[in-house]
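Pasting the structures here.
Across the two complexes that follow, chain A remains constant while its partner is chain B and subsequently chain C.
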Partner chain A sequence: MTSYDCIVIGGGHNGLVAGTVLAKSGRKVLVLEAAGEIGGAARTEEFFPGFRVSSVAHVLNRLHPEVVKALDLERHGLALEGAGMSSVVLSPSGNPLVLRGAYGESLVGASASEAVAWRALRAQLFRYAGILKPFLARRPPDLAGMSLSETSALAMAGLSLKRLGKEDMRDFLRMLLMNVADVVDEQLEDDRLKGLLAFDAVLGAHLGPRSPTSLLGLYYRLAGEVAGVDGAQMLPKGGMGAIVAAIASSAAKAGVSVRSQAAVNKILVEKGRAIGVVLENAEEIRARTIVSAINPSTTFDLVGARELDTGFVRKVRNIRMLGDAAKLHLALDRPPQFLGVSGEDHRGRLVFAPSADHVERAFNPCKYGEFSPEPVMEITLPSLADPSLAPDGACVLSAVVQYAPYTLKEGWESGKPKFFKAIMAALEAVAPGIGATVRHAELLTPPDIEQRFRMPGGHWHHGELQADQMLVSRPVSDAAGYDTPLENLFLAGAGSHPGGGVSGVPGLNAARRIIAIKG
Partner chain B sequence: MRSMVEGAYAIAPLTGERPGRKMKTWDAIVIGGGHNGLVNACYLQRAGLDVLVVEKNAWIGGAATSRELTPGYLYSNCSYVCSLFRPEIMRDLELPRFGLQVISYEGGAVFTRDGDYLANYRDHDAHRREFARFSARDAEAYDRYARDVTRQCRFIQPLLMRTAPDPTSFRPRDIGELMYLGRKFAGLGAEDMAQTLRFWTMSISDFLDEYFETDVIKANFALSGIIGTALGPMSPGTAYVLLHHYMGEVDGSVGAWGYARGGMGAVTRALSDSFRACGGVIRTDAEVDHVLVQGGKAKGVVLSGGEEIYGKLVVSNADVKRTFLKLVEAKELPEIFLRRVKNFKIRGSSGKVNIALDSMPEFPALPKDSPCYRGDLHFTDSMERMERGYDDWKAGRWSADPTLDMMIPTALDPTMTSPGTHFMSCFVQYAPPRIEGRDWTDADRDGFAETVISQIADYSPGFRDRIVHMEVRTPREIEAEVGLTEGNIFQGELTFDQLLFNRPVPGYAQYRSPVGGLYMCGSSTHPGGGVMGAPGRNAASEILRDLKQGAKHMSPAHDVI
Partner chain C sequence: MAITASKIKSLSLQPRFAAQDHFRMLRLPSPFQPRIDALARTEDWYTWAGYKAPLSLWDEELEYFAIRSQAAVFDISPMVKYHIAGPDAEAFCNRLTLRDVTRLKPGRVHYTAWCDDAGHVLDDGTLFRLSPDRFRLCCQERHLPWLLDSAIGFNVSVEEETEAVAGLALQGPTSFAVLRDAGFKDIEKLKVFDIAEFPHEGGSVTISRTGFTGDLGYELFVPVGLALSLWDRLFEAGRLHGIRAIGYTALNRARIEAGLIVANADFVTAEHAIRTDRLRLPDEIGLGFMVDAEKGYFNGRRAILAARANRSMKHVLVGLEIEGNIPAEHAIVYHRQKKEIGLVSAAIWSPTGKRNIAIASLSRPYGDTVVDDLWVEIYAMRELKYERLMKRAKVVPRPFIKLERRTANPPADF
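Moving on, here comes the complex of A and B:
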């Protein structure tokens, strides 16, 4: 039996990042992946012969520069070309709005006054997101007793707040927990632009634009960067799997062992201390450090309630993590033509969210276990820029569709065809004729995502990313700083601070935490 | 009997300046005789200032008033429950001596659609046993729930009677107050700090999900999280709103709700009597047209008839929008302040239907002499129904299936109507300030009332036949009569962006305004709405500080045990 210093449960991108950083510190690391291949929700898969797509995450907008640096990803094949991808707000009347450059450096199709208002709001949002950004790459502050570096980090944040100037600081403090709809209503006129911002703020969350705190989602988005550009976005060549391939290459170089088809059945605990894992085939592997990059509630299920405090178990059980976003993959005979969108702009991120009110209306049914009859969605056509993803002349469409509640009252078996019909009707309105070109369709509802990617609730953040589940409360207050009530057991997935998206930060922060306390 | 009612509650003659006499300069003029204006005026008068309150209506009290709109029936026309009113203020201003009596609710109930009901009892254990009828687990969770909510109350309650610090300021007082808050927060301990942060940002629905499994029990508690707010029970931030309604106390019993004997007008009547007993003067039928400003300083007010009244300082009990967008000229205000006032969210979300009944209505679901009649009665037995009502509001319609907070004050207080007859107060959530973008019409108002009446009639056979008279108040009526912009009962929404140092607008959360000598004392200011009196008191404290006058007659907040 080989023994390891460290076992990482889950070969998603965060698990691989954590494993690599730990291996680089001189540890002998084993990453265990339950599926046949690594990558978790950041995989590129063939969903129909000849058609490949990023299965869950499809737009790269927050891969953290410190992760790129720590893993030397550029040397391992990471290519960040095309980070200036546009966003296009689709319009059924053939009058789309285009945001060019990093999150709308310029607007095409808006009035001159709206462009001025947007410039001011965009600068303001980036300024405020910039205040919060340093917190992403840090461990959340420890409320019980702050270390010197935590106190000084908070002081730095306070200082950068003061540096905003009095009035700007006041607006920052006022807006922090506002709803995104009120913010855009205060400053903008154009429904398409408001619809986009509202959509981006609530994407992947169980919130509507009118829900207080929804602006935080937009800050989270804008605090991301690609290739050193704030708010930039891109479709990785080869799909999201290419990012994981670069991380895996770095992991291999660092000496990380990766085992797939190795589902963990149990985390072994002895006297309040994690000592190893038992695999599904009953194989037992021991290590001094166990890092779980899978969902936090799954993690503590593997530990078992007996080893944990009742209050802690209750808190874990109360983590909200029912997904609202579905994923649609279409194999198309030929590239679709969206109304009024230029050929080049089809390579951008195409958003169907005609107004903030529309997004809010779409949110309503999902509160009651019904899908949106008028869903909103983010569409990409990755094969336009990367023809290797589809056969010659054909096209791949990948879309994140909201809102699709995990628990559909009528059940997804009968609901799914109806939801698919609603989505196709929405698509047909902005891309007439698209329905006739569909060769194959795959719709992943949250329960499908749960099953296929082992993400409880089908939630890509491994838990709602809302104010009450952020920072010191992510995933729960006693396990917010990557360590857990059990000695030697650590968390490193999207369920931990700062949350999901292909950033690698939870993995990086967790590894740094382990190195900090264990040397 | 009627004469006794009148005799007991007739308002003493209101004296004022006799016309023709040379105008004096008052030490302070308070615009608006609502409860906060009166609390403010009382404290200033008791500090030795010469104070005049000007009220646009013929009656005082603003939204805390009792009026007889049909013979023999005294209504609590707007606000209807007395529990948030700070006991410290009650004592300072000797309100019991001036006739204020608060009677605790004895219970309450939620009627369910299957003909059953969930009762609320004042007694914790009785309440718990009632929950056990629905779920043993929920009965157990109730202890935990009560403990956790009380813990949050204990943290927040002392903050109500303190001026919020300005976090952008370097003044010693602001820094000191920030440190006080920091220490108080740190004093909670790591675990409770994290829970407090969560509590402040959660929806009441998510919060209750962590304790209870029975829908009707959740709906029962959730109502306090949405009353008066333009939010649904599933909106983040509503857990705090629940707290806002729980911070009240009756006779030291925290969280208890009570009736003011004689209706809510009894509160403002006791306040005005206390005020006048100290020499204060109230003028009714005196609508302020604008505030007189000279050289950036408030010099008095001009009434709508053109009469000028001079004062060394002016305190506005009107909401922040009314005060600065209507009563003060824009040129007197900094642009950034004006922009923030315009952005202040004051969307109305509720209406009120007051009903005079010739006999006690029957609710067959409830035992005949149940103490639950002497409390608030609801018909919304699920979170989904409540939230769907909010979806209607968002779309600019009143709720087709509204959430009512209904009560029959005369079941406890026989002084409001003649024997055998009853007054019923129905608070109705949700009602938007505008209907699908246009103003309310009389037909809308009638449709709104019908929605309410039919909901009650579904649970109370023969209800319609008992109705003698009805007062229907949509946000339109509330704004026109009481002067609450958009009919918002809290003078501004209670969302994070409008609490503490952000209330009413950042930079002006300490009751002062950009105009020298012009202060705010209404619910638009910290800590917000409800018949609490804290904004009026806190404003008085700041004014006396500016005047360098002692405030020994003002008690600090007492601790929650």
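Moving on, here comes the complex of A and C:
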């Protein structure tokens, strides 16, 4: 029997990144994936014969350059093309607003004064996101015993804050915990632009634009980059699975063994030390280092409360991770025509969020266990740029739809058809006739996402990404910074700092932490 | 592998509401209140965990001597009690508390303590193993939320039973004779820390050979409905054995002599401490002997073992013998009469030991490796003037008195 130095639980992109970096440090690494296929929420799957789609994550906007470099992804088939993808704010009256270049370098369809105001706000948001960006790349600081390098990194952040100048620094601090709606109301006029910013800030969060701290979500988004361009976005050719394929190729090159259909049932612990795992088929595999790139709460379920302190178990239970985002996949007879959107712009990210108020109103019912009767959504038509995803002439539509509360009061069995109807009505308003071209529809509610992708709560960040669950509190204190109360057990998934999205940062940081501790 | 968020949030709030009514009456009457009221000549009451409880009933001194030379009855109904039951009850208690519960046999009791994640003591108490899968945990403070959260992942039920179960401590040299004459058959078979059930009025009474006095003694638990009849049964049988009801002042003297500590008197429990330097690891309050590093994981294990490895314990709890006969209650302890090194938390002139004794918390290394040249500063109020006395103190082992009758088998008949 082969013995391994490291076992990585979970073959999502973070698990694969962590495994690869560890393998490159000379360790023998085994990645265990519960599903039949690696990739986690970043797979490309056939949802209807001939139609393939990125299963949960569909827009690439934060794959970290250090991950690309550490795994040499460009030599493993990663193609960061099309990073100039536009964003289009759809309009039922046929007046869409188009943001071209990296997060709206230029605006098409806005007034001249709005364009000026946007240029100023955009620059300001990028400046402030730039302050936070190093924090979102590094391991969170260790409050108990900060190392010299951590202290100096913090000092650098302080310095960059100081470099902003007095006025800007004051504004940075003023805005840090503001809600996005107040910020856009201060500086912008155009409802469409405000709607887009509001939507992007709360995408994937249990927040409305007027919820305190909602601006942080926008900073998180803007701190991402693609191919060296801040705020850029793209649809990977071949779907998100292509990114995972490049990572998997790098992993294979580094000598990582990957086993699918190998669900872990238990993390073995002896005297406070993780020593191995037991698979669903009762097979036992031991290793000196266990890296969990799955949900943190699931991870500690696998450990079992008996090996943990009560206070810690309490904290893990209190992680908020009930998702509000649904995923819609449509197999269409032909590409839809969105009102007023040019042919080329259909390849962009099409956002239905007519105003910040509309987004807020969509959020309201979700607080009380009801779905949005007028949902907001982010739509992509990936088969336009990549015809391999759909049969000839047909089209794939992939959309993230909010808000769909995990615990729907009436239950999703009866609620799902109603929610689907509401989504289709909203689509029909901006793309008349689209309903008649639907050959097949797949709607994944948070409980569906939970079940299919083993993401408790169906939350793609594996834990709300809000101020109280960030940095030293992500996923909880005592397990922030990738190590856990158990010796030899580490976390490496989106539930850890900095959070979700296809970035690879949690996986990379976790691996670096392990190498730093263990050499 | 079931992973659902509904499971994460499924813990019902219902059991948490069960014991939340205790504040509605500022001083609850004990189940024995009618009998105690009838004996209360001094009307000297205090509040114990929300209950009305006597400090003294007729005479502090004589109540103390009832413990040491007769049979003293002390109402322990206000003691906080939890019933822990289920297939995982042993594993639950083992993870909760410091000592190895797998070695606690059914029908036995042990004195134990439990800690939070940081290893700070939440409380100490007695764990009764009533049967293989049923336990009773008795303690000073309320812990229901902590116990319920500790039950996550265990097939176990935890119920607050403080108000449902009445308790009496029967302590003193004639306590065995009282129980025998009250008709508790085979009571002589109980060894120290044994528990047994005895029939009483169609129900049953749980009797353990335990106590808080360092003397021969028993503790009796019954459902509240049987409380008064149990009292009457004891007092009827005890008439010729000098049975007396007593208050806390007398009991407190006996427990100091026995060297036993009281939560939130001799140390501050972790959930009550406001100041971070008041938190205590078991080793800092003399409970280090309980910590079983060889058993499975228990709350606080990582932190306690790390503190031991780093030698970061800051405090130590010691027994002191002080020259003279003036009790040094709450006196400051000095090294070389100059450097302040700690505080006396409990002190008496020991009538049985004929020594001036105290329990004190000191800052290490004092009391640990440095034990010479220790002093206490006693302020004795003498006719509206403080007499300041600087008295020499010596670290001595606890208990301060050891009575052979406490453990004698069979217990002696007096």
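Observations, loosely collected:
To be clear about the criterion, the second predicted complex is superposed on the first by the 519 of 519 C-alpha atoms of A that agree within 3 Å, B and C clash if a C-alpha of one lies under 4 Å from a C-alpha of the other, contacts with A are read in each partner's own complex, and residues count from 1 in each chain.
We adopt the following convention: contacts are C-beta pairs under 8 Å (C-beta built on N, C-alpha and C of every residue); 3 or more make two chains touch, one makes a residue touch a chain.
Computed from a prediction, not measured in an experiment: that's the story for all the values here.
In the superposition on chain A, A:170 makes contact with chain B only, not with chain C. Legend: residue contacts after superposition of the two complexes on their common chain; A:301 is shown touching chain C, with no touch to chain B. Of the two partner chains placed around the shared chain by superposition, chain B is the only one that A:186 touches, whereas chain C remains out of contact.
By the document's definition of touching, of the two partners only chain B reaches A:143; chain C does not. Once chain A of one complex is fitted onto chain A of the other, the partner contacts of A:368 are limited to chain B, with no touch recorded for chain C. According to the touch criterion, the shared surface of chain A, contacted by chain B in one complex and chain C in the other, consists of residues 314, 478.
Looking at the complex, you find that chain A touches chain B at residues 142-145, 162, 166-167, 169-171, 173-179, 182, 186, 207, 210-213, 314, 318, 320, 360-361, 364, 367-368, 466-469, 471-473, 477-478, 480. Within the complex, the chain B residues that touch chain A are 167-168, 189-191, 193-195, 197-199, 201-202, 206, 209-210, 231, 234-237, 336, 340, 343, 345, 384, 387-388, 391, 394-395, 495-497, 501-502, 506-507. Listing the residues of chain A that touch chain C in their complex gives 34, 263-265, 269, 272, 280, 295, 297-298, 301-302, 304-314, 317, 321-322, 406-407, 450, 454, 456-458, 478, 485. Of all the residues in chain C, the ones that touch chain A in their complex are 1, 3-6, 8-9, 11, 91, 95-96, 116-117, 146, 149-150, 152-154, 296-297, 299-302.
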